Amino acid sequence: MERNKLFRDLRTSLIIAAWFSFLLFPLLVMKVSVTSGAALVRFRWERLPGIAVAAFALSFAWRRALEWNEARGDKPSGAGPIAALTARARSALAVKPIRLSVSAVLLAVVAVYPFALGMYHTNIMITALIYVILALGLNIVVGLGGLLNLGYAAFFAVGAYTYGLLWKYAGPAFVAAGVDPGWLFWIALPTAGVLAAVFGALLSLPVLRLRGDYLAIITLAFGEIVRMVLQNSGAVTGGATGISLIPRPWFFGLRLPPRQAATYIYYIAVALVALTVFVVRRIEDSRVGRALEAMREDEIACEAMGVDLVRNKLVTFSLGAFWAGIAGVLLAAQTTYINPDSFTLWESITVLMAVVIGGTGSIPGAIGGALLLKLLPEYFRPLAQYRMLIYGIAMILVIIFKPDGLFPRNRKKYTFEGAPSEGGASPAADGQEARR
Amino acid sequence: MSATDPILEIDRLSMIFGGLRAIDDVSLHIREGEICALIGPNGAGKTTIFNCITGVYRPTEGRVTIRRGSGQREAIQGLKPNVINRKGLARTFQNIRLFGNMTVLENVMIGRHNALAAGVLRAIARDAATRDEEERLIDDCRRILVKMRLDPFINETARNLPYGAQRRLEIARALATDPFLLLLDEPVAGMNPHETKELEETINLIRDEEKVTILLIEHDMSLVMNVSERIYVLDYGRLIAEGTPDEIKGNPEVIKAYLGE
Amino acid sequence: MDFFLKLFLSGTAKGSIYALIALGYTMVYGIVQLINFAHGEVYMIGGFTALIIGGLLFSSGMAVPLVLLLSILAAVVFSAAFGFTIEKLAYKPLREKPRLSALISAIGISMILQNVVLLAQTEKYLSFPSYLPELEFLRPVREYLNSTQFIILVTTAAIMVILTLTIKFTRMGKAMRATAQDKHMAQLVGVDINGVISLTFIIGSALAAVGGVLICSYMGQINYYIGFVAGIKAFVAAVLGGIGSIPGAVLGSFILGWTESLGTGYLSSDYEDAYAFVILILILILKPDGILGKNQKQKV
Amino acid sequence: MALMELRDVCTYYGNIQALRGISLSVEEGEIVTLIGANGAGKTTTLMSICGIAQIRSGSVTLDGEDISRKSPHSIVAMGLSQVPEGRRIFPQLTVLENLDMGAFLRRDKAMVRVDLEEVFDLFPRLAERRNQQGGTLSGGEQQMLAISRALMARPRILLLDEPSLGLAPLIVQNIFEIIKRINEERKTTVFLVEQNANMALKIADKGYVLQNGSIRMADSAERLLANEEVRKAYLGL
Amino acid sequence: QKKEAGTIKIGVAGAHSGDLASYGLPSVNAAKLVVEAVNAAGGIDGKKVELFVEDDQCKPELATNAAAKLVSDEVVAVIGHICSGATKSALGIYKDSKIITVSPSATTPSLTQSGEYPNFFRTIAPDDAQARLATKFIKETLGLSSLAVLHDKGDYGKGFAELVKQYAESEGIRVVLFEGVNPGAPDYSAVVNKIGNSGAAGVVWGGYHPEASKLVQQMKDKGMDLPFISDDGVKDQTFIEVAGAYAEGVYATGPMDTSSNPLAVKAVADHKAKFGEEPGAFFLNAYAATLAVVNAIDKAGSTDYDAVIKAMRSEYVETPLGKISFDGIGDVIGFGFSVFQVQGGTYVELK
């Protein structure tokens, strides 16, 4: 029986190896170059065995992994070693002293990070933290609101350009008056958030009755329009040339060298992430958050219960946009240079990927997803030109093996203590057992 | 105004889908404290009438008006469902539409959405008033659940509830919006005779204790005849009869079109 | 007037280019509700395959019409094989999972394919030799419409008609529509949904390949990145027309083409994409399900 | 040999066990009914038979052939058809197209047309609505359509999940008559799940009572109808 | 990190993935070839040269990360970045960390002319020089009185186009059409129709070759035979490869023809031998940039920032672009610009 299965498996792998050798033949074995209009083809036969062997081995491993993954999914939760571990971790965290000391350690790690690892790591961490804020914000829209937004980069741009334009137009006045233009950062931060939120509300107002992918494509359109406007109104925004020499945030009048400046911005970013998490959690656990949850489950029922969908969606959009605006200011401060290239559709997609790969709707997910998506390619740098290929493969592996994300949403459920716990048998009407 | 002035009045309502006249010039009214039933063959237009009342559809013609307490009579046709709900009309759905992944308690909490005031800013600030509000909310919800005999399931995920309990939860959720008029669409479909009997009592209870007027659609004649004071019969979108259960039972047209035997 | 006619025709030609890609896009979306981001890459691979196989055959001295035929055939076969494989590998495991997961998988595939071509072939733009015949009767009017544009237009129309009829009237078409609406129920009436979905991807990818060959012939060049931009545009066109609808995809593409062309002609090409997007927004505000899309409002 | 047989079938949803080792058998030409409270696992039983729900252990045999690992469409191709819970009408297909899908596997075009007329005779309401989109039908109309669609397959064995749900009293009586007639005229074997246990047992040959995912009782329909426990718990008497 | 004795670290940064990889990857190849040759010849003062390749996808925020990475890798100099935007955002970091930066392709005038970046050099002409040359050519040689100026909306293309427009108008040439088109679009026939309608006597294109080849192709297909003048983003053999016969007659400004320069011949031959194909965009510029850096370090006798900068400015070096050095603000001197025309399948320098 076992032997038979193995035999079948090997045969399948052989077929798959043959299939991939065929499939990839023109692209991997043949190589085209064109000289004076004629395509010349060179054969790289030496690659063929490699492809076949790799396909054979990978397909074998792939099916095993899928099987394992399925078995894992079927198992009652709390059975697997990982599940047991998380369960134990969770129960440990419920104890106050343990929770406190874990937080303290975490805090310490976050605090010494820039000193321990140097400027490059601080810098990429800032970029990653900017994306964490973005992902947390988009998570409000996609995760809580269930609205697919593919134009999120537009709000990011609104934020960055708020700071950029403030610098461009008010900066000289500051300099002339002898005030450090780094002050503008602190002015830009709230302004950008509010502006982006207003943008979010205005742009979404006419389109909120669209559903699903139609909403997605409209937001994509808005995102691209915003970028185009930035690119084409060169007189105001600098167009494709962008805005440069944007000041770093004010720091008690000191002009920090890059390394210290990075450290400083890193702390600002950490603080903003903390603020975002705090606000998002508060909203999630509120009347508004519950209404969003219900809206995602069933819009018609939700409306019939008196929930104003349009208002809810509007709030969702502007809240999401608000954080994108904040993140934009940080980006401008970090790179000191902005141009429309930082706000393409790809940016929106990357943030969306962070949200989904982390676990749609989950705060740790948004954080983890964004860190992963922004840090991974940085750590893949040694792979050189294979970097993006590996990155794509990694993404697919994650999503196939953890389709609900790395840190799936574990929604806080409102419960009534004093009621029988979920596991206990609840006396249902007339001796029928409650369904579980 | 007299106490018998109807709290809901439907005046010459018509609803046309494409070329199909699903409701054809229907007028009916409900008085405060009544339990009325709307019956009729499949596709007669019963659910469509509910949809017109609750704002899911905008009626092609006609008026729907309500009067709450001693207030003014106001027209509600064409308003949005959430607005109509806020005016005190709540409904259940023929095909159960619970928030399946939320707990029983949470489903009812959504029902109380408009009884609370906290907006985004207050949610973030979470001031004392907001905290109070939230605490009161859970108590209120529990009270409703106890009334609907759902308290044993209070922390269960709605989707995993027995069918009968799901139907009751729909009612509980609707009740949580503090309606003065409750519209029930086939509340006992899919229930066994035993459960039907229980729901009958519950419906009476809601009317008597919560002072909620009820209009229900049902194909289960045992329930209809037992609970309702007045019955409207619809066929092909037209009203073909109106009366007490006994009158309806004996009405030959109704027997022919709907009841059989 | 003459200017208008020229712009209108170039919009038509551009629209039919979008349509060639949008058809496969909309078809896959219609059946599995997946925004198949990798569709543009399959189109690009179709183009590359044709370039490679065509180059091989041409340099072996084969007659041009035969080269054309065989290279299209090769493109179709390999693209279809890619479509089939991608579905099995990256989408099927996620079929019952949240829809966004499959979307991410599609984006991942798109990245992989781009980079495979980038690494295994070249990062450079390559000249794409056109084996398409020069149609004599179009010579006098080539200012308005040239042969390649004409061939693309005719092909698009033909594919649209064939696909629409197939989906509307054949058994397979019915199976596809049933699968699109309710996979479990489709199985319960005897539809082999795995087969249907595979076939959908195969047809969609084959169409992308035809698009790849024709459009690259028209542009005269190819590179690993051409799929992404084209894919997005095709997606917009498909949504505009009502995603899932075959004639809708074509109509949406034409509207896009005309808008861009007339906008460029009478206003400025600086905002070419913006015109398209503004039209998209306006149309969707008026018709939230696209021009020919079915109203999917559910009855309560 | 029984036409269809379930042996020790266990089915799970994730890690919730819905069926706890069910065994039952259906002979050719019989009407067998399965009754039970809400959530007992009736629907799950049907879904396990046709392969939509993967069974974890046990076996389902049709004509002696083990079908528990077969894909749903090939099980359907063996002559099984179903009126599923929740109707599952193809919402954007018209009534006619929905019925057409019911006959998806049939090749005898002429007979299909005859059957179509027959179905329209049974439910004149559907004939009136033949070009309406399935999704916009009223609840009861959808139920009629679901039953008709299953009949269009001319199955050897028909699985019905609460066919009377949401139908007007007049039609409910009709439905049971139709089931009985189909069973007699076409020799279709019927496996019937019903809340309306009274009616179901009246037309059935044999009945099973399901409780909490296990078979609680198995007996002839008459005896079950007379059984005190059944009368009290399921017939509301 | 300890500095490994005996190696000199040089970074190569630019777009190596994403849509603009085709402009960035050739410079990696160039640097590799130079470094291989240098190391094969025993390195600089016996020290081997080590390359650090960092991708920025032409995005400013990734460019800062790449820059920070190179800083932490302690490179002495960077060949890059490719796009002006990315270069701008990275330059601040290099400047503060005293790293010499030589871009093969960033042409925004302000990079050198603003005086902000003493560490910046480039082996390509700033846009204004090219634009001036192009305008002069249009006015004096071609004698056109009206122009259609198109660009790809990008930093480089639009910058060039705007300068040409400005210079042309001051020379009394009418610019009857000034527009940006979408790079990567499959079809430009609408804008080509518009050119025809505008009555322009010639077309100026600011941008890169893929769009240029589509434009000339579609213009000629419509029977429009206007002079087509472009920048050194088009003065690239790939353009001719891609556009084929349509390329015939196209003008482009670019560094003086150095293809017969033995170093250039060798560089291209080496590339073919090693990578199996013709080199891509900015290959020779990057090759020259790397040579210049290597030479400056060699001449300075150390990797000391000030010494190397001084050497960059004072020492001449033989490169495929000719014998070059850099002026006080970092622009290349020693090889002028010319106007070229495609004749018989190659760019021919017009004297």
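Read from first to last, the chains carry the letters A, B, C, D and E; within each, the first residue is number 1.
As a convention for this text, a residue touches a chain if its C-beta (ideal position, glycine included) is under 8 Å from a C-beta of that chain, and two chains touch if they have at least 3 such contacts.
Every value quoted in this text rests on a predicted model; they were computed, and no experiment measured them.
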Handout entry: Fewest hops from chain D to chain E - one hop per pair of touching chains
Key = 2
Exercise for the section: From chain B, count the fewest steps through touching chains until chain E is reached. Expected result: 2
Exercise for the section: Determine the set of chains touching chain A that also touch chain E. Expected result: C
Fill in the blank from the handout: By number of contacting C-beta pairs, the most connected chains are A-C
Handout entry: Chain occupying the most central position, where position means C-alpha average
Key = A
Practice task
Indicate the whole-number Å distance between the mean C-alpha point of chain C and the mean C-alpha point of chain E.
Solution key: 35
Problem - Mean-CA-position distance for chain B and chain A (Å) - result: 42
Practice task
Return the distance between the CA-based centres of chain B and chain C, expressed in whole Å.
Solution key: 49
Completion exercise
Taking each chain's mean CA coordinate, chain B and chain D are separated, in whole Å, by 31
Handout entry: Shared-contact residues (touching 2 or more other chains) in chain D
Key = 16, 37-39, 136-137, 233
Exercise for the section: Return the residues of chain C touching two or more other chains; collapse runs of consecutive numbers into ranges. Expected result: 115, 118, 122, 126-127, 270, 273, 296, 298, 300
Handout entry: Interface hub residues of chain A, defined as touching at least two other chains
Key = 31, 33-34, 37, 232, 300, 385, 388, 430, 432, 435-436
Exercise for the section: Sort out for me which residues of chain C touch chain E in the complex. Expected result: 3, 6-7, 10-11, 13-14, 17, 115, 118, 122-127, 142-143, 146, 149, 215, 218-221, 223, 225-226, 228-230, 260-262, 264-265, 268-270, 272-273
Problem - Residues of chain B defined as touching chain C within the complex - result: 47, 51, 56, 93-95, 97
Handout entry: Interface residues, chain D side, partner chain B - complex
Key = 16, 37-39, 86, 125, 129, 132, 136-141, 143-144, 162, 165-173, 195, 197-198, 233-237
Handout entry: Of all residues in chain E, those that touch chain C in their complex
Key = 17-19, 21-22, 25, 153, 179-182, 184-187, 189-194, 196-197, 209-210, 213-214, 217, 221-223, 238, 241-244, 246, 277-278, 280
Handout entry: Touching residues (chain side chain C, partner chain B) in the complex
Key = 300
